[in-house]
């Protein structure tokens, strides 16, 4: 059990945290973590095709719809706190003040670990920008001279969650998390994404495939642990342990 | 505590297990693991320069001296079992029967994790051969049709221990193990290697540098755990976890 | 249409060609290609766990069962010719005569393209051995001085089909093939693999996920071609074209 | 034949499109494509040494000369449309409005494929900046919420054309295009670059070497197609095909 | 001997040049080089934890202390010229004017070689930013149209000096420099860094380990040259030589 | 000047040393080096297409012709010693005795540096086998216990010479050697290869392109040294130096 622990998700667009680490969020909330999600944008321009195909759509209406969906999904996952930075998407670009706001969130949350996107994504430069930002703001949050007096950040792991086409992004998972106990919550959150119904089954299958990998890597046909749904993550920093 | 667990070290030459994972061995023994070490060769031709510089040296005398050193080091580390395969070195090359013998050891030990060399080493092709062998024999040990009736192997992690010039070998540690509690044992084992005294201080410094990395990755100047000696490892397979 | 063309699959174990490129086989057969499959082993020791769990099983009975399954699958896929080399598995290892036999097959088939495994696979060294072999025998088949008088091989593409855990194998697909028209055949072939029923749904989902990638890469939400089932391949050699 | 198709070249400096993909341009024009070239800068500061060595040279006169050369080369290649963005070079840096202008061009052209520089170039950071820009603006052009009402972009391939020192740039061609039929046009375009006469023979030899690679990869000494001049390209995205 | 030669160090924070290439500086000064060091920032926010833990510390006082330390270290190393750009740290970010100032320094110094950080550093994005900057400004300094009339830069090597955790940064040294003759100067410079006393022994051990690598790569146990302290560097550009 | 020095070339087939490092050989001979060339095979089966197209050709006649060509080329390059191991090609495969013979040559020559092929070559597995062999035998030659009494090898650099399609082989040159002074000798040696006349111009152009890279990397348009012909090499091991 990890009561008192916290985690932070940095999501480029408002739906990313659902598909990519919804299970990790719900599972850690259930273990007593307080998980904060920061949505840097709503994905209002680039990830809302279905909405834009409606007559008379406006940017504000798209943002409202996306925010409502994300909030519903966050509730389904028991997210502790969700914050919308509304920095704009396609391209996503934060100025110094917005970066400082993110540093403030990191310092307030003091996450045990952080979650963000893959480091490379030729399809979606917003994703790699978010990860670059995660590394930069993590570094700033560690600086004793940044807003002296605030609590300085330790060295939380940064996990990269699963991108859409893993091999094209050079993403290699080194950690599989069993999310079977909270799958219903993740599926419920997924179904909040009404504008992207074509992805519901896609990400359900992702979880099933990763469950197969979980079983294989925990022992395969000789003692592998059964698992129905899993998520994969790539960690950036080395682990420090007392037992291999 | 992990009483009942086991681990297996596959060492190309008889001294490698001391420099590269002596701390891990002693630490896990202390935790209740039974650690088996397989020395594929004595390093009698390629890693015994000091002995060969003596007048009238013979291959058998070198092997005897190397074996005595390794056994003394194993005792210093509380190794559960050490086996010498005597396959020859520079180059190391196992035939099918010797590979089957290694598979037998793997199945008998049923290790929770395995340890071997880096996957690339242009200075020492025996080292990469040993790792290739570790992967091949691990696979055979998992085959239900290999010696049916024997207990089949699960999916133990393979950790690659630290090579001599890490960057040239493309070795990247993702796990740092605090070996401070057993440092005295590792140093005693190191001092059993009389033929390679020039390396005693070198590997002591390696442990000190890795301790610095341990501290940095566990929190650095804001909560990093103090650590005086550490060892680094690169894992090959993904972890399967219930908490990030 | 490509009547008269041929293709060659080099499969380490007798079931690999079904899961990994069954769609490509059936599709090209339907286009008029004659596809030859070489199974280097039956996977009798390493990939027949279900059979070995039966009372009184023997190596010959496992091989017979595996061969029967593979032949049934080949029929379901309309394979032109399937050959069993019976070289043994876990580990797979060919001697010079067996390599020469493979070169003979390559020269007889004169494939427009070849298919084999990923170049790296820490879980299954037989797979990477098969690919190494494919490159070596392709080279020999190109040698004018090897069995002079035989027709020398041109420069067929070598496609690497999808391994089990793509990211761990460093496999990156650069070609997606729409296999929707022959999906029923592939599924029928999959169901011939009675010993590995746990993989039927897994590889069905693989095909569905790759169909999503097919759609995305052919235009996505703006003109992407609908596709229900696809297979991914990584090509080794550059293409030579008259139009980009 | 591909009448009605279009292509788009994004060239960091005004001469890059000539050396690196002049053959592809002329060839596709000849096949009925309409090829648009965007020169982000004139290369006025960094790639006009010969001009700057003249007495009394000014930035405007360099730009004029470079523009005249590029327009002449474009005519030699039958370029459909050439646009000069005049964003400045060494370093090249586009503001938001200039990026939006590029997105507009992409949407207007609706290219079947795009061409730009290698992803890494330690000698010339403008080159890698241009490629980064190509990916970013391609993504924006795909966003339904970017200038709603405009035609949204599909998923055109991005080909990276040949940099100066390929191995230093980590560029690996996977596609060779036979440009023999239009070589005279490419050579004529090359000779328009009066300020860089030292490169005429260099890039002629590049085309000859790539022709050798074309022949080798299309069959070598056993059926390889003869080819006198070729260009090489590295594609970023997977292909979607109906035949391997 | 190389009298008349020059070198340029681009250091993200004011202490980096001491730990990472202090030996190279002192050694080349001793050989007659004039070495210029540019400190882009003081590391006042991110690398001055000890100072910030003091009561009533201010940014200016930290900068003053860091500058005094760096100047003392520069004297210990016989640095020819040290310049403080004071661009701010965590994050480090230069505007166009500051970049132009750096280009001016490069042109004035006309370095035989340059030194900067590793190309990747997930712990410290300032470090990789400095290297990116080194490449960009090197390119601008080579442009004939940048401030016409100034002396244009040739093609100096860029050496990347050793980062803190080499393997995590993907840094691979290809050059070891024997700094034994100037070790006392480097150690004296290190001891000027009063705020980071915990690193004194760490970087002393780094030099000792690199000396071991120097010996090994110059002949090992058969003719290797003895060396007590060394520094490692990774060069970016190919060498041009008259003898291998 | 380096009178008394030696170098060793390990060439998979009897013509490789001519195309790939003929300039380096002639140049170092001219400087006083004694260069030994070992041809592991004649390339009799795989690289003698033109001969095999002649009526009634036999393996012995091909070998004789290839040997005569290689000897003539060696004379043209002033090679000190050329040895033919006749191990067979396509595939090249050495047994233990043949490897020991190579170790003997290495120890006798005591090379200042060694030259061999790229580490990866999907077109020609003999090439990468030769490099693997070079590393293995270099290691054995360093072993004090291998034939005790012989002079043990130091740590000579291993340079990888230029393969046919550099980018496909993952070969990256880090050293360019000016071979202009001996170009006539290299061209004469090239013209000894009567069976591969189609490659004469190809490798002449390679030398011209590398000369361009030599000039660029030695200063480019600002002080770059003129060079008409060059060869490129990739070194495996770090250099140990007293000046950067």
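Letters A, B, C, D, E and F name the chains as they come in the text, with residue numbers starting at 1 for each one.
Criterion: a contact is a pair of C-beta atoms (placed from the backbone, for glycine too) under 8 Å apart; a residue touches a chain by one contact, two chains touch by 3 or more.
Please read all numbers here as calculations on a predicted model, not as lab measurements.
A.B. asks: Starting at chain A, how many touching-chain steps does it take at least to reach chain F?
C.D. replies: 2
A.B. asks: By label order, what chains touch chain A and chain D together?
C.D. replies: Correct list: C, E.
A.B. asks: Compute the centre of every chain as the mean of its C-alpha atoms, then state which one is farthest from the centre of chain B.
C.D. replies: Of all the other chains, the one whose centre lies farthest from chain B is D.
A.B. asks: Return the chain whose centre of C-alpha atoms lies at maximal distance from the corresponding centre of chain A.
C.D. replies: Most remote chain from chain A, centroid-wise, comes out as F.
A.B. asks: Check the residue numbers that chain B and chain C use where they touch, and answer same if over half are used by both copies, otherwise different.
C.D. replies: different
A.B. asks: Taking each chain's centre as the mean of its CA atoms, how far is chain C from chain D in angstrom?
C.D. replies: Centre-to-centre distance between chain C and chain D: 37 Å.
A.B. asks: Residues of chain F that contact two or more other chains, please.
C.D. replies: Expected reply: 49, 123, 142, 144, 152, 168, 173, 213, 216, 221, 237-238.
A.B. asks: Determine which chains touch and list them pairwise.
C.D. replies: Result for touching pairs of chains: A-B, A-C, A-D, A-E, B-C, B-E, B-F, C-D, C-F, D-E, D-F, E-F.
A.B. asks: Help me check something: in the complex, which residues belonging to chain E touch chain F?
C.D. replies: Where chain E meets chain F, its residues are 2, 7, 24, 27-28, 31, 113, 142, 144, 152-155, 157, 159, 173-178, 213-214, 216-225, 227, 232-233, 235, 237-244.
A.B. asks: So in the complex, the part of chain F that touches chain D is made up of which residues?
C.D. replies: Chain F reaches chain D through residues 49, 123, 164-168, 171-173, 201-202, 205-206, 208-209, 212-213, 216, 221.
A.B. asks: Report the residues of chain D in contact with chain A in the complex, numbered from low to high.
C.D. replies: Interface residues on chain D, with respect to chain A: 99, 132, 135-136, 139-140, 142-146, 148, 152, 158, 236-238.
A.B. asks: Once bound in the complex, which stretches of chain B touch chain F?
C.D. replies: 44-46, 48-49, 52-53, 57, 59, 62, 89-91, 122-126, 168
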